[in-house]
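Chain lettering (A, B and C) follows the sequence in which the chains are written, and residue indices restart at 1 in each chain.
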(Lines give C-alpha, C1' and ligand atoms only; values in the text may rest on other atoms or scores of the structure.)
Protein backbone atom coordinates (compact mmCIF):
# COMPACT_ATOMS: atom_id res chain seq x y z
CA UNK A 1 0.00 0.00 0.00
CA UNK A 2 1.18 3.49 -0.89
CA UNK A 3 0.22 6.69 0.89
CA UNK A 4 0.60 10.32 -0.14
CA UNK A 5 0.07 13.60 1.71
CA UNK A 6 0.06 17.21 0.60
CA UNK A 7 -1.16 20.54 1.94
CA UNK A 8 -2.71 23.12 -0.39
CA UNK A 9 -2.94 26.75 0.76
CA UNK A 10 -5.65 29.29 0.00
CA UNK A 11 -6.36 32.91 0.90
CA UNK A 12 -9.65 34.41 -0.26
CA UNK A 13 -10.28 38.14 -0.51
CA UNK A 14 -13.92 37.76 0.57
CA UNK A 15 -15.39 36.33 3.76
CA UNK A 16 -17.31 33.70 1.73
CA UNK A 17 -15.87 32.21 -1.48
CA UNK A 18 -15.80 29.02 -3.53
CA UNK A 19 -12.61 27.95 -5.32
CA UNK A 20 -12.36 25.09 -7.82
CA UNK A 21 -9.41 22.99 -6.59
CA UNK A 22 -9.91 20.01 -8.93
CA UNK A 23 -6.72 20.63 -10.96
CA UNK A 24 -4.60 20.79 -7.78
CA UNK A 25 -6.13 17.57 -6.41
CA UNK A 26 -5.72 15.80 -9.77
CA UNK A 27 -2.06 16.88 -9.76
CA UNK A 28 -1.71 15.29 -6.30
CA UNK A 29 -3.14 12.01 -7.62
CA UNK A 30 -0.64 12.04 -10.48
CA UNK A 31 2.27 12.91 -8.18
CA UNK A 32 1.27 10.12 -5.78
CA UNK A 33 1.68 7.44 -8.45
CA UNK A 34 -1.40 5.73 -6.97
CA UNK A 35 -3.56 4.02 -9.62
CA UNK A 36 -6.32 2.48 -7.49
CA UNK A 37 -7.39 3.86 -4.13
CA UNK A 38 -9.20 6.59 -2.21
CA UNK A 39 -8.41 10.30 -1.98
CA UNK A 40 -9.49 12.27 1.08
CA UNK A 41 -9.66 16.06 0.72
CA UNK A 42 -10.51 18.20 3.76
CA UNK A 43 -9.85 21.67 5.12
CA UNK A 44 -7.63 21.67 8.22
CA UNK A 45 -9.90 24.46 9.52
CA UNK A 46 -13.38 24.38 11.03
CA UNK A 47 -14.95 27.33 9.23
CA UNK A 48 -14.39 25.94 5.72
CA UNK A 49 -15.67 23.05 3.61
CA UNK A 50 -14.48 20.88 0.78
CA UNK A 51 -17.40 19.78 -1.39
CA UNK A 52 -18.20 18.52 -4.86
CA UNK A 53 -20.63 20.31 -7.14
CA UNK A 54 -20.94 22.38 -10.30
CA UNK A 55 -18.46 25.01 -11.49
CA UNK A 56 -21.20 27.49 -12.33
CA UNK A 57 -21.13 31.08 -11.12
CA UNK A 58 -24.90 31.40 -10.74
CA UNK A 59 -25.05 28.33 -8.51
CA UNK A 60 -22.30 29.68 -6.28
CA UNK A 61 -24.30 32.89 -5.93
CA UNK A 62 -27.34 30.78 -4.98
CA UNK A 63 -25.33 28.82 -2.40
CA UNK A 64 -24.00 31.99 -0.81
CA UNK A 65 -27.41 33.67 -0.65
CA UNK A 66 -29.13 30.54 0.69
CA UNK A 67 -26.46 29.90 3.34
CA UNK A 68 -26.57 33.53 4.47
CA UNK A 69 -30.32 33.28 4.97
CA UNK A 70 -30.00 29.92 6.78
CA UNK A 71 -27.23 31.07 9.16
CA UNK A 72 -26.79 34.85 8.93
CA UNK A 73 -23.46 36.43 9.83
CA UNK A 74 -25.10 39.48 11.42
CA UNK A 75 -26.07 40.42 13.99
CA UNK A 76 -23.02 38.67 15.45
CA UNK A 77 -24.52 38.99 18.95
CA UNK A 78 -27.10 36.31 18.15
CA UNK A 79 -24.45 33.59 18.62
CA UNK A 80 -22.96 32.62 21.98
CA UNK A 81 -19.75 31.50 20.22
CA UNK A 82 -19.14 35.14 19.37
CA UNK A 83 -19.08 36.01 23.08
CA UNK A 84 -15.54 34.59 22.98
CA UNK A 85 -14.45 37.58 20.85
CA UNK A 86 -14.92 35.75 17.53
CA UNK A 87 -17.42 36.88 14.89
CA UNK A 88 -17.49 33.63 12.90
CA UNK A 89 -20.15 31.43 14.56
CA UNK A 90 -22.13 31.54 11.32
CA UNK A 91 -19.12 30.15 9.44
CA UNK A 92 -18.98 27.14 11.79
CA UNK A 93 -22.65 26.48 10.95
CA UNK A 94 -22.31 27.03 7.20
CA UNK A 95 -19.38 24.59 7.09
CA UNK A 96 -21.56 21.87 8.68
CA UNK A 97 -24.30 22.38 6.08
CA UNK A 98 -21.87 22.14 3.16
CA UNK A 99 -19.84 19.33 4.77
CA UNK A 100 -16.23 19.00 5.86
CA UNK A 101 -14.60 16.57 3.48
CA UNK A 102 -14.90 14.57 0.31
CA UNK A 103 -13.64 11.08 -0.36
CA UNK A 104 -13.08 10.42 -4.04
CA UNK A 105 -12.32 7.14 -5.81
CA UNK A 106 -9.02 6.97 -7.67
CA UNK A 107 -9.24 4.69 -10.73
CA UNK A 108 -6.56 4.23 -13.40
CA UNK A 109 -4.56 7.03 -11.77
CA UNK A 110 -7.35 9.62 -12.03
CA UNK A 111 -10.16 11.10 -9.93
CA UNK A 112 -13.11 8.84 -10.81
CA UNK A 113 -15.69 11.52 -11.58
CA UNK A 114 -18.94 11.94 -13.44
CA UNK A 115 -19.17 14.60 -16.14
CA UNK A 116 -19.92 17.58 -13.92
CA UNK A 117 -18.20 16.72 -10.63
CA UNK A 118 -15.68 19.33 -9.51
CA UNK A 119 -14.03 19.76 -6.10
CA UNK A 120 -14.45 23.10 -4.33
CA UNK A 121 -12.85 24.74 -1.36
CA UNK A 122 -15.70 26.54 0.40
CA UNK A 123 -14.54 29.41 2.58
CA UNK A 124 -16.91 30.97 5.15
CA UNK A 125 -14.44 33.00 7.22
CA UNK A 126 -11.78 34.02 4.76
CA UNK A 127 -9.26 36.80 4.32
CA UNK A 128 -6.44 34.75 5.86
CA UNK A 129 -4.26 31.81 4.79
CA UNK A 130 -5.81 28.40 5.29
CA UNK A 131 -4.84 24.84 4.42
CA UNK A 132 -6.51 21.89 2.68
CA UNK A 133 -5.15 18.39 3.29
CA UNK A 134 -4.98 15.83 0.47
CA UNK A 135 -4.35 12.27 1.65
CA UNK A 136 -4.35 9.41 -0.85
CA UNK A 137 -3.97 5.72 -0.09
CA UNK A 138 -3.91 2.81 -2.54
CA UNK A 139 -1.62 1.09 -4.96
CA UNK B 1 -4.42 -4.42 -1.40
CA UNK B 2 -7.44 -5.20 -3.56
CA UNK B 3 -9.68 -2.66 -5.23
CA UNK B 4 -13.11 -3.00 -6.79
CA UNK B 5 -15.28 -0.66 -8.87
CA UNK B 6 -18.84 -0.85 -10.08
CA UNK B 7 -21.47 1.53 -11.43
CA UNK B 8 -25.12 1.16 -10.45
CA UNK B 9 -27.78 2.84 -12.60
CA UNK B 10 -31.08 4.39 -11.48
CA UNK B 11 -33.97 6.17 -13.13
CA UNK B 12 -36.70 7.56 -10.88
CA UNK B 13 -40.19 8.43 -12.12
CA UNK B 14 -40.44 11.43 -9.75
CA UNK B 15 -38.26 14.52 -9.48
CA UNK B 16 -37.44 13.64 -5.82
CA UNK B 17 -37.14 10.03 -4.64
CA UNK B 18 -35.29 7.82 -2.17
CA UNK B 19 -34.22 4.29 -3.18
CA UNK B 20 -32.79 1.70 -0.80
CA UNK B 21 -29.61 0.46 -2.52
CA UNK B 22 -28.23 -1.59 0.39
CA UNK B 23 -28.71 -4.98 -1.32
CA UNK B 24 -26.87 -3.81 -4.45
CA UNK B 25 -23.96 -2.41 -2.41
CA UNK B 26 -23.78 -5.55 -0.27
CA UNK B 27 -23.65 -7.60 -3.49
CA UNK B 28 -20.69 -5.45 -4.60
CA UNK B 29 -18.87 -6.18 -1.35
CA UNK B 30 -19.42 -9.92 -1.85
CA UNK B 31 -18.33 -9.76 -5.49
CA UNK B 32 -15.19 -7.81 -4.54
CA UNK B 33 -13.94 -10.59 -2.30
CA UNK B 34 -12.71 -7.90 0.11
CA UNK B 35 -13.02 -8.93 3.76
CA UNK B 36 -11.59 -5.88 5.56
CA UNK B 37 -11.62 -2.39 4.10
CA UNK B 38 -13.64 0.68 3.21
CA UNK B 39 -16.49 1.06 0.72
CA UNK B 40 -17.16 4.45 -0.87
CA UNK B 41 -20.61 4.97 -2.42
CA UNK B 42 -21.38 8.22 -4.26
CA UNK B 43 -23.55 9.51 -7.07
CA UNK B 44 -21.58 10.53 -10.16
CA UNK B 45 -24.04 13.44 -10.46
CA UNK B 46 -24.32 16.70 -8.56
CA UNK B 47 -28.08 16.82 -7.99
CA UNK B 48 -28.24 13.52 -6.08
CA UNK B 49 -27.06 12.15 -2.73
CA UNK B 50 -26.08 8.85 -1.23
CA UNK B 51 -26.91 8.77 2.48
CA UNK B 52 -27.57 6.34 5.31
CA UNK B 53 -30.77 6.41 7.31
CA UNK B 54 -34.00 4.54 8.02
CA UNK B 55 -36.05 2.59 5.47
CA UNK B 56 -39.34 4.08 6.67
CA UNK B 57 -41.86 5.63 4.30
CA UNK B 58 -43.04 8.28 6.76
CA UNK B 59 -39.50 9.52 7.32
CA UNK B 60 -38.90 9.81 3.58
CA UNK B 61 -42.07 11.90 3.33
CA UNK B 62 -40.72 14.10 6.15
CA UNK B 63 -37.35 14.50 4.41
CA UNK B 64 -39.01 15.49 1.13
CA UNK B 65 -41.33 18.00 2.77
CA UNK B 66 -38.59 19.51 4.92
CA UNK B 67 -36.13 19.80 2.01
CA UNK B 68 -38.78 21.40 -0.19
CA UNK B 69 -39.41 24.04 2.47
CA UNK B 70 -35.68 24.62 3.01
CA UNK B 71 -34.84 24.95 -0.71
CA UNK B 72 -38.05 25.21 -2.79
CA UNK B 73 -38.04 24.15 -6.42
CA UNK B 74 -40.43 26.93 -7.43
CA UNK B 75 -40.42 29.69 -8.40
CA UNK B 76 -37.42 28.63 -10.47
CA UNK B 77 -36.61 32.28 -11.18
CA UNK B 78 -35.42 32.76 -7.58
CA UNK B 79 -32.12 31.02 -8.44
CA UNK B 80 -29.39 32.51 -10.65
CA UNK B 81 -28.28 28.98 -11.65
CA UNK B 82 -31.59 28.63 -13.46
CA UNK B 83 -30.73 31.61 -15.68
CA UNK B 84 -28.54 29.10 -17.55
CA UNK B 85 -31.68 27.36 -18.79
CA UNK B 86 -31.68 24.73 -16.02
CA UNK B 87 -34.51 24.42 -13.48
CA UNK B 88 -32.61 22.36 -10.91
CA UNK B 89 -30.79 24.86 -8.67
CA UNK B 90 -32.85 23.59 -5.73
CA UNK B 91 -31.60 20.05 -6.40
CA UNK B 92 -27.97 21.21 -6.14
CA UNK B 93 -28.82 22.69 -2.74
CA UNK B 94 -30.81 19.69 -1.47
CA UNK B 95 -27.93 17.39 -2.40
CA UNK B 96 -25.54 19.42 -0.22
CA UNK B 97 -27.90 19.21 2.77
CA UNK B 98 -28.26 15.43 2.49
CA UNK B 99 -24.58 14.92 1.60
CA UNK B 100 -22.77 13.49 -1.43
CA UNK B 101 -21.28 10.20 -0.32
CA UNK B 102 -21.02 7.58 2.37
CA UNK B 103 -17.97 5.65 3.45
CA UNK B 104 -18.82 2.35 5.10
CA UNK B 105 -16.57 -0.07 6.95
CA UNK B 106 -16.27 -3.56 5.47
CA UNK B 107 -15.71 -6.19 8.17
CA UNK B 108 -15.69 -9.95 7.65
CA UNK B 109 -16.82 -9.41 4.08
CA UNK B 110 -19.94 -7.44 5.00
CA UNK B 111 -21.09 -3.84 5.36
CA UNK B 112 -20.41 -3.13 9.05
CA UNK B 113 -23.75 -1.64 10.02
CA UNK B 114 -25.85 -1.00 13.09
CA UNK B 115 -29.37 -2.45 13.23
CA UNK B 116 -31.16 0.26 11.29
CA UNK B 117 -28.51 1.58 8.90
CA UNK B 118 -29.55 1.37 5.25
CA UNK B 119 -27.97 3.08 2.22
CA UNK B 120 -30.18 5.30 0.06
CA UNK B 121 -29.84 6.90 -3.31
CA UNK B 122 -31.45 10.32 -2.91
CA UNK B 123 -32.61 11.83 -6.18
CA UNK B 124 -33.51 15.53 -6.40
CA UNK B 125 -33.65 16.00 -10.18
CA UNK B 126 -34.83 12.66 -11.50
CA UNK B 127 -36.67 11.29 -14.50
CA UNK B 128 -33.44 10.38 -16.30
CA UNK B 129 -30.77 7.68 -15.96
CA UNK B 130 -28.07 8.39 -13.40
CA UNK B 131 -25.12 6.47 -11.98
CA UNK B 132 -23.84 5.61 -8.50
CA UNK B 133 -20.20 4.61 -8.07
CA UNK B 134 -19.18 1.88 -5.64
CA UNK B 135 -15.43 1.74 -4.93
CA UNK B 136 -14.07 -0.70 -2.36
CA UNK B 137 -10.48 -1.04 -1.20
CA UNK B 138 -9.03 -3.47 1.30
CA UNK B 139 -7.97 -7.07 1.57
CA UNK C 1 -2.51 -3.62 4.65
CA UNK C 2 -3.64 -3.56 8.27
CA UNK C 3 -7.18 -3.04 9.47
CA UNK C 4 -8.55 -2.20 12.91
CA UNK C 5 -12.07 -2.05 14.33
CA UNK C 6 -13.45 -0.83 17.63
CA UNK C 7 -16.82 0.18 19.04
CA UNK C 8 -17.11 3.09 21.47
CA UNK C 9 -20.25 3.39 23.61
CA UNK C 10 -22.04 6.55 24.76
CA UNK C 11 -25.12 7.38 26.81
CA UNK C 12 -26.12 11.02 27.09
CA UNK C 13 -28.41 12.36 29.82
CA UNK C 14 -30.00 14.88 27.43
CA UNK C 15 -31.90 14.34 24.19
CA UNK C 16 -29.34 16.48 22.30
CA UNK C 17 -25.66 16.54 23.29
CA UNK C 18 -22.17 16.90 21.83
CA UNK C 19 -19.28 14.82 23.22
CA UNK C 20 -15.62 15.30 22.31
CA UNK C 21 -14.39 11.81 21.39
CA UNK C 22 -10.99 12.84 19.98
CA UNK C 23 -8.96 11.19 22.78
CA UNK C 24 -10.78 7.86 22.33
CA UNK C 25 -10.27 7.92 18.55
CA UNK C 26 -6.61 8.88 18.93
CA UNK C 27 -6.21 5.94 21.35
CA UNK C 28 -7.67 3.67 18.65
CA UNK C 29 -5.12 4.93 16.12
CA UNK C 30 -2.31 4.19 18.58
CA UNK C 31 -3.70 0.75 19.42
CA UNK C 32 -4.05 -0.07 15.69
CA UNK C 33 -0.34 0.36 15.06
CA UNK C 34 -1.26 1.98 11.74
CA UNK C 35 1.12 4.80 10.75
CA UNK C 36 -0.30 5.86 7.36
CA UNK C 37 -3.93 5.39 6.37
CA UNK C 38 -7.53 6.50 6.80
CA UNK C 39 -9.74 6.39 9.88
CA UNK C 40 -13.52 6.20 9.49
CA UNK C 41 -15.62 7.21 12.50
CA UNK C 42 -19.41 6.85 12.35
CA UNK C 43 -22.35 6.27 14.67
CA UNK C 44 -23.99 2.86 14.17
CA UNK C 45 -27.31 4.67 14.70
CA UNK C 46 -29.36 6.92 12.44
CA UNK C 47 -30.30 9.67 14.89
CA UNK C 48 -26.70 10.63 15.71
CA UNK C 49 -23.75 12.23 13.92
CA UNK C 50 -20.00 12.18 14.10
CA UNK C 51 -18.57 15.52 13.02
CA UNK C 52 -15.45 17.68 13.33
CA UNK C 53 -15.58 21.17 14.71
CA UNK C 54 -14.60 23.35 17.67
CA UNK C 55 -14.63 22.29 21.32
CA UNK C 56 -16.30 25.51 22.45
CA UNK C 57 -19.37 25.51 24.66
CA UNK C 58 -20.93 28.61 23.12
CA UNK C 59 -20.73 27.10 19.63
CA UNK C 60 -22.41 23.91 20.82
CA UNK C 61 -25.21 26.04 22.26
CA UNK C 62 -25.50 27.79 18.88
CA UNK C 63 -25.62 24.46 17.02
CA UNK C 64 -28.36 23.12 19.30
CA UNK C 65 -30.47 26.28 19.03
CA UNK C 66 -30.06 26.53 15.25
CA UNK C 67 -30.85 22.85 14.67
CA UNK C 68 -33.93 23.05 16.89
CA UNK C 69 -35.21 25.98 14.83
CA UNK C 70 -34.41 24.21 11.54
CA UNK C 71 -36.06 20.89 12.51
CA UNK C 72 -38.08 21.32 15.72
CA UNK C 73 -38.75 18.32 17.95
CA UNK C 74 -42.25 19.52 18.85
CA UNK C 75 -45.02 19.26 17.95
CA UNK C 76 -44.15 15.63 17.22
CA UNK C 77 -47.36 15.27 15.18
CA UNK C 78 -45.87 17.39 12.37
CA UNK C 79 -43.80 14.39 11.21
CA UNK C 80 -45.25 11.29 9.51
CA UNK C 81 -42.34 9.20 10.87
CA UNK C 82 -43.76 9.77 14.33
CA UNK C 83 -47.03 8.08 13.28
CA UNK C 84 -45.06 4.84 13.76
CA UNK C 85 -44.99 5.48 17.52
CA UNK C 86 -41.57 7.16 17.48
CA UNK C 87 -41.03 10.77 18.52
CA UNK C 88 -37.61 11.22 16.91
CA UNK C 89 -38.25 12.28 13.29
CA UNK C 90 -36.49 15.58 14.05
CA UNK C 91 -33.39 13.64 15.17
CA UNK C 92 -33.24 11.82 11.80
CA UNK C 93 -33.27 15.24 10.10
CA UNK C 94 -30.74 16.88 12.44
CA UNK C 95 -28.34 13.98 11.86
CA UNK C 96 -28.44 14.58 8.09
CA UNK C 97 -27.65 18.28 8.52
CA UNK C 98 -24.65 17.59 10.76
CA UNK C 99 -23.54 14.54 8.72
CA UNK C 100 -23.09 10.86 9.51
CA UNK C 101 -19.38 10.20 9.48
CA UNK C 102 -15.91 11.62 9.30
CA UNK C 103 -12.91 10.22 7.47
CA UNK C 104 -9.62 11.42 8.92
CA UNK C 105 -6.11 11.02 7.57
CA UNK C 106 -3.68 9.07 9.74
CA UNK C 107 -0.10 10.32 9.32
CA UNK C 108 2.90 9.24 11.37
CA UNK C 109 0.58 7.26 13.62
CA UNK C 110 -1.61 10.24 14.54
CA UNK C 111 -4.88 11.89 13.47
CA UNK C 112 -3.68 14.43 10.89
CA UNK C 113 -5.51 17.50 12.19
CA UNK C 114 -5.33 21.26 11.97
CA UNK C 115 -5.04 23.25 15.19
CA UNK C 116 -8.70 23.36 16.13
CA UNK C 117 -10.11 20.14 14.65
CA UNK C 118 -11.81 17.92 17.24
CA UNK C 119 -14.11 14.94 16.67
CA UNK C 120 -17.57 15.04 18.23
CA UNK C 121 -20.30 12.53 18.79
CA UNK C 122 -23.53 14.45 18.14
CA UNK C 123 -26.56 12.92 19.80
CA UNK C 124 -30.08 13.98 18.77
CA UNK C 125 -32.13 11.24 20.42
CA UNK C 126 -30.20 10.34 23.53
CA UNK C 127 -30.86 8.90 26.96
CA UNK C 128 -29.91 5.38 25.86
CA UNK C 129 -26.71 3.50 25.05
CA UNK C 130 -25.42 3.95 21.52
CA UNK C 131 -22.33 2.89 19.61
CA UNK C 132 -19.72 4.62 17.45
CA UNK C 133 -17.63 2.54 15.05
CA UNK C 134 -13.96 3.29 14.47
CA UNK C 135 -12.45 1.53 11.44
CA UNK C 136 -8.87 2.22 10.41
CA UNK C 137 -7.05 0.85 7.38
CA UNK C 138 -3.48 1.44 6.32
CA UNK C 139 0.03 0.34 7.14
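Assorted remarks:
Simple rule for what comes next: a residue touches a chain if its C-beta (ideal position, glycine included) is under 8 Å from a C-beta of that chain, and two chains touch if they have at least 3 such contacts.
Please read these numbers as outputs of a predicted model, since none were measured by experiment.
Between chain A and chain C, two chains of identical sequence, the interface residue sets overlap only in part, with shared numbers making up under half of the total.
One copy, chain A, sits rotated relative to the other, chain B; on C-alpha atoms the angle is 120 degrees to the nearest 5. In whole angstrom, the spacing between the mean C-alpha positions of chain A and chain C is 20.
With touch defined as above, residues shared between interfaces to two or more other chains in chain A number as follows: 1, 38, 70, 97, 99, 103, 137.
Those residues of chain A lying in contact with chain B across their complex are 1, 36-38, 51-54, 56-59, 61-63, 66, 70, 97-99, 102-105, 107, 112-117, 137-139. Interface residues of chain A facing chain C in the complex, by the touch rule stated above, are 1, 3, 5, 38, 40, 42-46, 70-71, 79-84, 89, 92-93, 95-97, 99-101, 103, 131, 133, 135, 137.
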